């Protein structure tokens, strides 16, 4: 590992440590009693955090359940970044993918599992791809800025999905959820523990990361995506169809987000809820960035965020509010962004100038 | 009379004295104990190849870099110049090689930026700015339209704006970094007139260039740099281009390429009544027709901004053609994509290397694959064949002497000359029928220029049809078999290099027909 | 034909116009803020987070000092602080501006949610406090069409409109504005003329903090008198879209925000219009109107917008 | 049998070790501070904890749908009673409860009786019944003969509020031969109070003078709009007694007995009278009601209050069948 690669790993880790230190100060501040009491409180809080994320089989499963969609939205956003498009719309693509996949899966009772499951995934990915493809198409043809169009498409998706689950696609009884999907479309479980079960969705997500890695680093398609992302003019000069690439990249990005939603619907809830995406599309942005847009980096970042989120639920028992994890996450992202800040803190920042 | 190295008590007569300047960059020692003496009121040329350290030295004088060691004296007083503000304060102005202009702002706004006239409440006084700019523009005979937006004016005018910028700030010492690179011979001559006028007004001018005949034409004294060191200081009168060239390169150089006679073959590319628009959708190429044959070099001469780059882009498929036909090897490629055109056998060395011809974040190997990354032998069934890519790259890097010969290095870490060699290597390896070559030697040093020129001629020997677009007249004259001159989107005429003089060519580039140019040149 | 009548009804209703203004106001503040930042070359998608902090601090100031005006000041201070963080990272440390801004959004959500309990004693939302009174233009005649239209508006609305003019003035008529444009387009050129690139960029980013936080404060101390968790509800992102739609000009931002506000007001008018017999289950679809209209405008009518050339590109001083 | 033994054992041990009886509430994503069922339930749980020294209450807030199962499981592992709040938890509770047969589960705002789990008790409310009275009041009080309704997302509770409200207005029209109209709008969320405010202003501008908001925090905007609009304009609160949020401007609040349900459920479990199943609380059970109208009693004419009391009595006696669905409303 050369120095540059080493730094890529070291900086996120140092950022995590610094953010935990800052969080510690906050936790000590909200604690009560003497200083030693507060230190005990801090220790208890972090113990709970770790226990909650990795303490036993159920905890590990919960962490994995959380990280599964995050891997995919992280890949979705990261893949877009590679081609120079900023897909803020993973949220909407995830919801539309999940909704469409659920509609299909509800009616898939007549199909055997080995057909129903992959077909549902394809439907969900297609829906996500189409939803993102709209933004890609508009960018490529009319030049509409993808940031605006994906934000608008998020809101449109939000309203459509909410309408669908309270109106035409309601399970009955009016609760905003869809009917249950056919059992043939449910993802089989990999592990169960107490009330929790974990589908093999995580394997699909990891496979997706590997596939993305292969696409990015081993195929001419990945070559084209990166060329367009780095320098669209040179890409065009090299005979690469930039417009087509932008549309395709957005569609793949959307397909990944759609898959995230599909796995949630078919592996976790067995139905669609209006609140299914709940910010995971936005989390995808931070995860892609912490993972430096590298599929394996994204896997690691998803594990980190998934574990923090899972652990934070348990941390509430120690009396630490759930928001502390958002603060931790924000500091990590901030420091990863300002990696030079970290380098300055660590005294690694030698006189710059290498261009 | 040899060059006079002043003693300390004489420094007061010197506008600029730089002593023992050292500047270390992470990978190179850019200035190695450099001394520079510029007498007040002189035009002093600094010559040297790319990477010799000229610009670095001047950037320190202008406060953009801080020296690691050494001192700077202005009019005999030692001064710390930490930023451009300090430099401006002691009367130094600099015209950079890459113009430092703000596209959407007007000429007047660009000139006063940073030193804006204001009204009450610190409001920007545009009226006064226009008035003042007009005044100095008339005073020094540098004509500009003060209200035109920078993005709408020609490169030559932009340069005038740059000079006005320094004068507006009351600069007494003007640094011009490669000012003639983008000018016609006439414009260059006009610039020299301006420089002499400025000199008469008592200004001191530092003139950085690698064009040796210009040094001889305009300067009083010359400092020559090579590899970060000063290799010669000499009064202009006492030297010649040959001597300067030897000091610059450190060896004997051929200043003229030897070209073998060769009969051109059949037509390969035929362009008829081609019309192309520019980025703002205004006509840029207004109906041109020409053809190129196998084994000939067709040169296109012209001042930047007269439609050459639009022509280049249109031929290679990067820009939509509004009207006309382009037939390549018998096939109509008027609406073909860049990939189709490459597939048909045309390769392209783009004028703007950084913007078009390379992806600087990619490795050398990946850059060499650009354009062929999707097909054999570079890819196989959609998967990149890294083994082949690397093998081919290694071979090309060796053949074209790209340094350092590390194919996994990001292209941005190569010097400009080596980047260009990389691009040339790739485009040559296409085994093209026809090649569009645009500004192939811009910003390169003499060694690289020699290399690229001889490679282009080799290609000609291999019966490739070559379209050479260049603003370097010498390049056009020495390489081309036929020359077309472009002016305002039209072809002013076709000439051969041996029937035309530099002066006539210059007049044609400024809009005269061949006949007009001949009669005018005779006068 | 009913739908046409309902739309005409809306236009004939004076409140439609006042609702358009009040929906546009928070967006306008944030859009102008984003504009200042991006004009100097620093993208700022953190508007959402800054607004949220502004909304929170506005109520905090009101609660601590008993005056919503002090609340506004505190909001601006907090907005400037968040912006300073963004500026520090993205200007001085050349951080990726999108990442840094994403972090600030998260930080704002986490911090405001977290502080509710220790500061206000309960999570989720605060008590109701004083808010900034509306300006009543009594001379228009209470109840008249004009009065209903613009007779009773929050001072924030006027402030936002004034700020459009002020922003236009600063950017296009002052020395500072000239430098802002120069730094956003070609920081190197500005640098060589002795213009402080970092200084101008800091100014732009701080302005974005001050303005966006005003947008947030409008929601809390201007409209409701209380803070509720995540009360900005994505308005910062819509403001960002409006800024882009307005092609990075104050006037454009104004029109884009008004368009969005009008579409939103239209949605509200149409939903409740009794002459349209719409089943309640379909009513949520009306909430699509503003977003669909924006998308159509972006795709169809505006097409390519041009951002400042150096927008989002960190500038590193030489030497 | 085993469960009974456990309960006995626990009861016997209580005096000896003074072991705490732990109640854990799991919120839905709305979280505490929603001024609705999370807050209301928590109030009920807290009341028990205040009343009995050996009862400890704690709360876990959920961030997203995926948190429900783990949070309910964790809560079950450390408590005697788990209170699950919000209809979105119905599936998660069905999944978790059978795994912890020794723990009592109380569900608020949904019905899980069909699953037949022996340790789960759920409560829902007949929102339409209290909304019916509110609608009658609005109809009777409206000067403009137009009243408004603003919903959040059309989830069952909200729709029942809407239907009941419309039915109340219809009842008033029938009895007094009037033609009061109802404007209906949905904000499509429960959190954007500014949107609630602008939508209320829109309805006021369309002639309504009383607006009933069943839209969570959006309702806060409705109250603000009523305050700003001034004389002659009113709002109606929802879920809990919100009258104090804008004294005199909120005619009444259509309350659900969330606090009472949570209190009763936990109390039963604590005292050993837990019965599994489902209860739908309506006017008859005092599970839903109008607020006491502390600030508005004096502005509402006596005859209206009398008629409301009469309607309430009739509804309790089953003489009026208050509609809960669109179809029933049409037939009403």
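General remarks:
In order of appearance the chains are A, B, C and D, and numbering begins at 1 in each one.
In this section, contacts are C-beta pairs under 8 Å (C-beta built on N, C-alpha and C of every residue); 3 or more make two chains touch, one makes a residue touch a chain.
Quantities reported herein were computed from a predicted structural model and do not represent experimental measurements.
The greatest number of inter-chain C-beta pairs in contact is found between A-C.
Distance between chain centres (mean CA atoms), chain B to chain D: 76 Å. Centre to centre, using the average C-alpha position, chain B and chain C are separated by 46 Å.
One inter-chain figure worth recording: chain A and chain D are separated by 35 Å, centre to centre, where each centre is the mean of the chain's CA atoms.
Here the spacing of chain A and chain C, counted between their Cα centres, is 28 Å.
Contact with two or more other chains is made by residues 123, 281, 284, 287, 319 of chain C.
Shown for chain D are the residues in touch with two or more other chains, namely 61, 153-154, 159, 188. Pairwise, the chains that make contact are A-B, A-C, A-D, B-C, C-D. The residues of chain C lying in touch with chain A in their complex are 45, 85, 88-90, 93-100, 102-107, 109-111, 113-114, 117-118, 123, 234, 237-238, 240-241, 244-245, 281-282, 284-285, 287-288, 290-292, 294-295, 298-300, 302-305, 316, 319. Within the complex formed with chain C, the residues of chain A that make contact are 26, 30, 86, 88, 138, 142-145, 147-149, 151-153, 155-156, 159-160, 162-163, 166-168, 282, 285-286, 289, 321-327, 329-334, 336-341, 344, 352-353.
Residues 25-27, 316, 318, 337-339, 342-343, 348, 350, 355-362, 366, 369-371, 373-374, 378-379, 382-384, 386, 412 of chain B are the ones touching chain A in the complex. On the side of chain C, the complex with chain B involves touching residues 173-179, 181-182, 185-186, 188-195, 309, 318-319.
Against chain C, in their complex, chain B makes its touches with residues 59, 62, 64-66, 83-85, 88, 94, 96, 99-105, 109-110, 112-116, 118, 122-124, 165.
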